[in-house]
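In the two assemblies presented below, subunit A is common to both, partnered first by subunit B and then by subunit C.
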Partner chain A sequence: MRKSKFLIAIFSAFFTVAVGFSQSAEERGLQIAKAAEKADEGFGSSIVELKMTLKNKNGQTSERFLTTQTLELTEDGDKSLIVFESPKDVKGTATLTFTHKVGADDQWLYLPSIKRVKRISSNNKSGPFVGSEFAYEDLSSQEVEKYAYKFLKAEGELLLVEQDPVDPKSGYTRRVVTYNKDKGYRLEKVEFYDRKNALLKTLTYSDYKLYKNKFWRALTFNMVNHQSNKETLLNFGEYNFGAELAEEDFTEVALKRVGR
Partner chain B sequence: MKRLSNLKFQIIAFCLLVPTLGLSQEKEKPVQDVELEIEAEYRYFLDEANFSDQLDHYPSLAMSPEYSLEWNKGYESINFTGFFRLDRDDERTHWDIRELYYQKAKGNWELSVGLKKIYWGVAESNHLVDIINQTDAVETFDGEEKLGQPMVQFSYITNKLGTFDFYYLPYHRKRTFPGRKGRLRFGTVIDKDDLGYESGAEEWRQDLAVRWKHYFGIFDVGLSHFYGTGREPLFVFDEQGNINAFYPVINQTGLDLQITHNAFLWKVESIYRNADAQDFLALVAGLEYTFSNIDGNGLDIGLLGEYLYDERDELSLNALQNDIFFGSRIAFNDVQDTSILIGGITDLESSSKIFSLEASRRFGSNWRAEIEARIFNDIDDSELILSNFREDSFLRFTLSRFF
Partner chain C sequence: MNAIKKTKNATNAFAKNWANFIIKFKWPVLLLTILLALGLGSQGKMEFDGDYHVFFSESNPELEAFDALQEKYTKDDNVIIVLAPKNGDVFTRKNLIAIEELTAEAWNTPYSSRVDAVTNFQHTSANGDDLYVDDLSYDSANKTDAEIREIREKALKEPLLVHRIINTEGSVTAINITVRLPGENSAAEIPEVTIATREMIAKFQEKHPEFDVYTTGLVPLNTAFFESAQKDLMLTMVMLLIVVIVTLILTRNLFATLATLIVVIFSIISAMGFVGLNGIKLTPPSAVFPTMILTLAVADSIHILITFLQKVRKDGLDKKAALVESMRMNFMPVFITSLTTVIGFLTLNYGDVPPFWDLGNTVAFGMCMAFLFSTTTLPALMAIFPIWKSKKVQKQTTPKISGYTRLGEYVVGQPVKLTVISLAVIGMLAYLASKNVFNDEFVEYFDTTVQFRQDSDFINENLTGFYNVEFSVGSGESGGINNPEYLQKLNQFEDWLNEQPEVVHVNAFSEVARRVNRSMHGDDESFYRVPDNREEAAQYLLLYELSLPFGLDLNNQINVDKSESRVTVTLENNSSAEMIAFAERSEKWLRDNAPEAMHSLGVSPTLMFSKLGFRQAESMFKGNIIALLLISLVLMIALRNVKLGLLSIIPNVTPVLVGFGLWYLLKGTINTGMVIVFGMTLGIIVDDTVHFMSKFLRARRELGYDAKDAIIYAFETVGKALVTTTAVLLAGFVVLSTSSFALNSYMARITVIIIVAALIIDFILLPSLLILVSKEKKEAVSASKVQVQLDK
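== the complex of A and B ==
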């Protein structure tokens, strides 16, 4: 019994490898995206503070501080809570997002001055997040189902995959994503092509840190807009994977509590 | 300055904290936060005053300190927000404790005890279901500023059935009306102390409220009930034409519903209020549609339209009895968070119209400027309430500094 199971395992592993050589670029692209998702599975929840630095084309900068809480879900997309700590006039403004693998995300906005929670449309994916070079869709949970894939090429341990957004409301025709196969399929770079298929932005990930011997987290994101020459830098603090957040921490009640 | 206020609040908060802190202080170091907003305001009324003693120019100063202390990973906290305004109208010169409460959250429940601000509802032009807090009627014309309400709030979160909020409200706060020198008032100056209560317990009537809130896909639904002394005074005219104004005991059931479908937000708010002296239904229903990122630079233009109905007719305090609201929200999504809201309310039965504009923009990282305009246009003589404000069109400028 045990032996036959072992044989089946050997056979299926061989079969997968064999198919791997003959699979299409689409299949290989999807396989890489799934491998990346799998490599990051099991983090449970995380809390991280970050500084966002907006730089205009003359080099003038403006900063904002945020805290992000994430809850990993496997059957559907992740839940996240983002709270603004500064600028001070918007301190406490917070968003709660339920990402869905298929269909529009659910999103609520908390306005601390009048203590109001407002369900907002997640239609505006391509718009800038608080005046930065990050669009809403760049910051939302990257579910495998949200793109169609095409493997482009391998450069050593780096795998380049083209991703075409499924949602027609996306601001991009395609993204070219560089995965690092030897480092848990972490992302090294993303190039964004606008609706006219011209290179719009490049996002570079750096200062990677390995948590729990499994989860790679880049502590620096640098997004450069090639058309406007503006830049947005994200500097993350230490990730906290130990808070053991639960579903109750991602509710309207919690949204009002964290925003105050 | 900052250090001094920091110290003062530490002392106040420490005194409040002593009874509650003991239990959990060994777990973690508390995190505290101090903020202060100072605002300079200038209101200019365009038309000659309707009533004697009213002024045209109202320079004013306001400040709002905030203090919070969190521990137990933020699941327990003490929060304080104060407010003080100095104005040429003696009644508008006022202070308030907007919030001062202890909060504890654990698993699927949350408890708050103290003065707190609660918002219910989905509509933009009128806030019908929102009843927990008394309106700070001298502070803003739109009624969105509220007085701190003493309460015990218990929230219970369920997985399948949504969230239940229970409120125990032990004390009623009266509405303040503008004084003799103030604009946006009636011909006779109403002193809040002249208004009595229907309940023999007066402001100490023990009131209750409950709310259920849930969402199903694109639907967000809230159902609420309030039993206690109403936040709006009731004006009753006797046969001799004398006005008798008091705060009635009411039962109010409220419904709020929003459907979020693509770029459309469909909204309904409705209340049914029942008191010995009055029974009525009121409704606001409408939609918001946003054209987002129009220029590829983040420009959003939202269109708003709402219908307002109130069975009280001309006795409704806010004069929105059978009206249409239309407006547009323009957000630039730029570094300075520039936004503009323009709108108008027009009465379907008379010529009365109110136009409004609100715009704001941040400067640097600690300053914010706002402009507000309210224009009363062609107010019909038959408007019992609004006709008092027909000469009260105003411009308001504010500059806030955040510390």
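== the complex of A and C ==
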């Protein structure tokens, strides 16, 4: 009895090593990223309201309210539309973004004060999003093609993968992403390393909710900047997967319409 | 009177017993003191801290205001790397490529959070409804000549760049690296940044010899502080050499010199232990403590040794008797002078500048230990060492009328005349002393031999200023920075600042608002003004912020709530008084022209240093008064004479007035380091007065001399000793005055003047005064038979 247990242990050890050799860390990382993408495939579209709370290190806070609409696309990156509900002076301002698997994303902004749509021709996605600790690149659609991958280690059901951004203008050298294999490869934590490879920020996902028995959505994002000691909290409302948004809801015309 | 006599006998007996005890147990005493010194020394830790924050106490209001501003925006220090291409034109393809390279490399600086250069400047332009925000020169290698010409044109027109990142001719440019030090251990963080940037620059210069490179900024400033502290610590070695030479000349005895050396080294080792045990991190002002202790401690040993050797050589006493006699005669004077020096240094704690607290406490501790070692280790060592009698003994016994006697006779001859002349000179110099002005320009803390100073001077002359003042201008409401009224006022403030003659550059949020407004209107120059509608302003800002890259955001300029924005004014080199006047003028403009929410106080490291001297002087005032009172009290007790104790205030205070009066003629500006000299020198120069007065009193009381003869007696007995101790002190402070750091060198220079002035005053004014005072109460004094134990 004891002997057989021992043998099993030996075999499983060999097996692990063998798998390890047969697949490089890069391949395994990419595989995990793809599995995560696959797990979230088919949600179609979603609408969600969220509250963004900015905190400085003295605990002073400032809030912004937003609504985000997302349209899933498989050929190219997702399309998204963000509408600002507050502060009052930017209410109705809306951004429309087409993420692309390769190359710079397209972005438009509707400004209700002058009732015009402006196109932002910028390769810069690494700056802070409305003064928060989130960069635009942290919030935009996570396309598999935007990173190079390297599997780091497994801790139980948690898989740690290093992701190196392909975009030379990214603010990061790498991110260390923790996937939860047992929960549809949902993200648990992301650590961001800045250009000098020092830990800059940690994003923690919590209050996960399972929609349609398939799609995990975290209702709280907490981003802590370790260098400035500032933090930003995102609190999401209920996701609406039933709106059945289509391409025509993500156009310049639609942008003007949602941005009242 | 009996009681007094008893105490005198008691102290004499104590000193005798002490000496006998030490001679008897010379080996155990020596061993114990060695253990004590080494024990303390083993705790010694010489850590340096160059962070300029160390100059400000936690309660310093300027520091508090500056910290509050940094909390609102970003807390940061910087390194400014200035590149001057030898061809005189920044805008060539080759040079732009090099700048781009160095900029990219600069992001790897430890703790860096932002890098601003001409190449990565976020240039905004518009084409119809398309808004472009991009690096001014990205991928310069692939730019055409025409594009490079265009880049040059744009850069030299850009108000955010000119006089800050590029000069008007386009021949000198800067890369500004913002670092966010965690502030947990500045003694380690600052060198980390410095080493990294120096390596980076060295590599750059190797690859691109076509550039001259200069470095300045707050981190290099801190490094300069750090390095000058280390350099000044090295002055100890020079002083040690001087101690050996001086002792050898004065004692003409190798063993005595060795014993002195051991005593002073033990004192320093112990003080190092004190530094380690108290976790003191050395700064330029406090790093001079070994030199100071050396200078002050050597006098104790010399007094004891000279008497000892005299007793052996002249009076032919045997070694033990001579030692006991020397200890009996010197124990009290050495104790009193150590006590006054300790009091003087301890009063540095009243000041508002922490490095001087450390200096005061460390030297005070070192002096206590010097007293201990001079009265234990020194006699023990001399008891152990053999004594070689010199053959020249007889020659020296022939008495001759010394210069001191003649000086005494001269002074005694015309006390009134000398008093009047002295007081007139002192009065005039005191008047001049009051005309000195405070000036703490931290760039000028370093003399022109220091690289940091040379580089900063170049940058000041060719590109921008190193001095600045910052304002956090509030709007009074959340998101209020987009209120057109706020923006217009801010714009007016910006314009007003730009008109001021000392202003080199202004960085205000209104400039961002104007620039974005122009871009939103198809780059139409007539829209280069702040938006006149709040929603527009807010939405333009949102758009602009969305298009900025990592590290180049506006968080350093506007607060999280968008209720306040930061105005940074760069100034040309200014004196402290001009800096303060400028800040006050700006504050007044806001009060007179802007709503209350926009009122703001100017803050910056420059301004903090500008006010440091005033603050230190104010806080030291109380300490100086206390030092004067305590030391006068010690004198009254030591001399057992209230009137002479009070009289001693004159020769103790006037040297400082003379010192600062002459300083006005030499330099005219005083810095924070010089504020401490009153308390510090008081404890030192008082020794002269103590010795002179005690000999004078002894002559009158014990020998029954009249005032004039007593003065001549005093000159004969202590004249030489005072000149020698003054010479030793001068040597020490002259060594310190070679420091490249002005807080130390100015302090040392004025101390040199004060010490010389003190000696002259003690030789001219003091005896004259003593005669004048004694005339009135001749009987009263001579009736007294009180003896002074300060005496031989």
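In the analysis below, the second predicted complex is superposed on the first by the 238 of 260 C-alpha atoms of A that agree within 3 Å, B and C clash if a C-alpha of one lies under 4 Å from a C-alpha of the other, contacts with A are read in each partner's own complex, and residues count from 1 in each chain.
Assume a residue touches a chain if its C-beta (ideal position, glycine included) is under 8 Å from a C-beta of that chain, and two chains touch if they have at least 3 such contacts.
This one's a predicted model, so the numbers in the text were calculated from it and none came from an experiment.
Contact with subunit C, but none with subunit B, is seen for A:58 once the two complexes are overlaid on the shared chain. Taking subunit A as the reference chain, the count of touched residues is higher for C when subunit B and subunit C are set side by side. In the overlay built on the shared chain, the residue A:84 is in contact with subunit C alone; subunit B does not reach it.
Using the contact criterion defined above for the overlaid structures, shared-chain residue A:179 touches neither subunit B nor subunit C, since it reaches no partner.
Of the two partner chains placed by superposition, subunit B and subunit C are both touched by A:121.
Contacts of A:257 after superposition: subunit B is touched, whereas subunit C is not reached. In the overlay built on the shared chain, the residue A:248 is in contact with subunit B alone; subunit C does not reach it. Using the contact criterion defined above for the overlaid structures, shared-chain residue A:131 touches subunit B and also reaches subunit C. Within the superposed three-chain model, A:171 lies in touch with subunit B and with subunit C [touch as defined at top]. Looking at the shared chain after the overlay, A:193 reaches neither subunit B nor subunit C. Shared contact residues of subunit A with subunit B and subunit C: 54, 56, 62, 87-90, 114, 116-121, 123-124, 126-128, 130-131, 171. Listed in rising order, the residues of subunit B touching subunit A in the complex are 35, 37, 68, 73-74, 77, 79, 103, 105, 107-108, 110, 117-119, 121-122, 144, 146, 155, 157, 159, 163, 213, 215, 220, 258, 260, 262-265, 290, 292-293, 296-298, 300, 333-337, 362, 365-366, 368, 400, 402-403. Residue ranges on subunit C touching subunit A, taken from their complex, read 71-72, 74, 107-113, 122, 129-134, 180, 478-479, 482, 520, 533-540, 542-543, 545-555, 558-562. Of all residues in subunit A, those touching subunit B in their complex are 54, 56, 62-63, 86-91, 104, 106, 114-121, 123-124, 126-128, 130-131, 171, 243, 246-248, 251-254, 257-258, 260. Subunit A meets subunit C in the complex at residues 54-58, 60-62, 84, 87-90, 93, 95, 107, 109, 111-114, 116-131, 135-136, 169-172, 194-196, 198, 227-228, 230.
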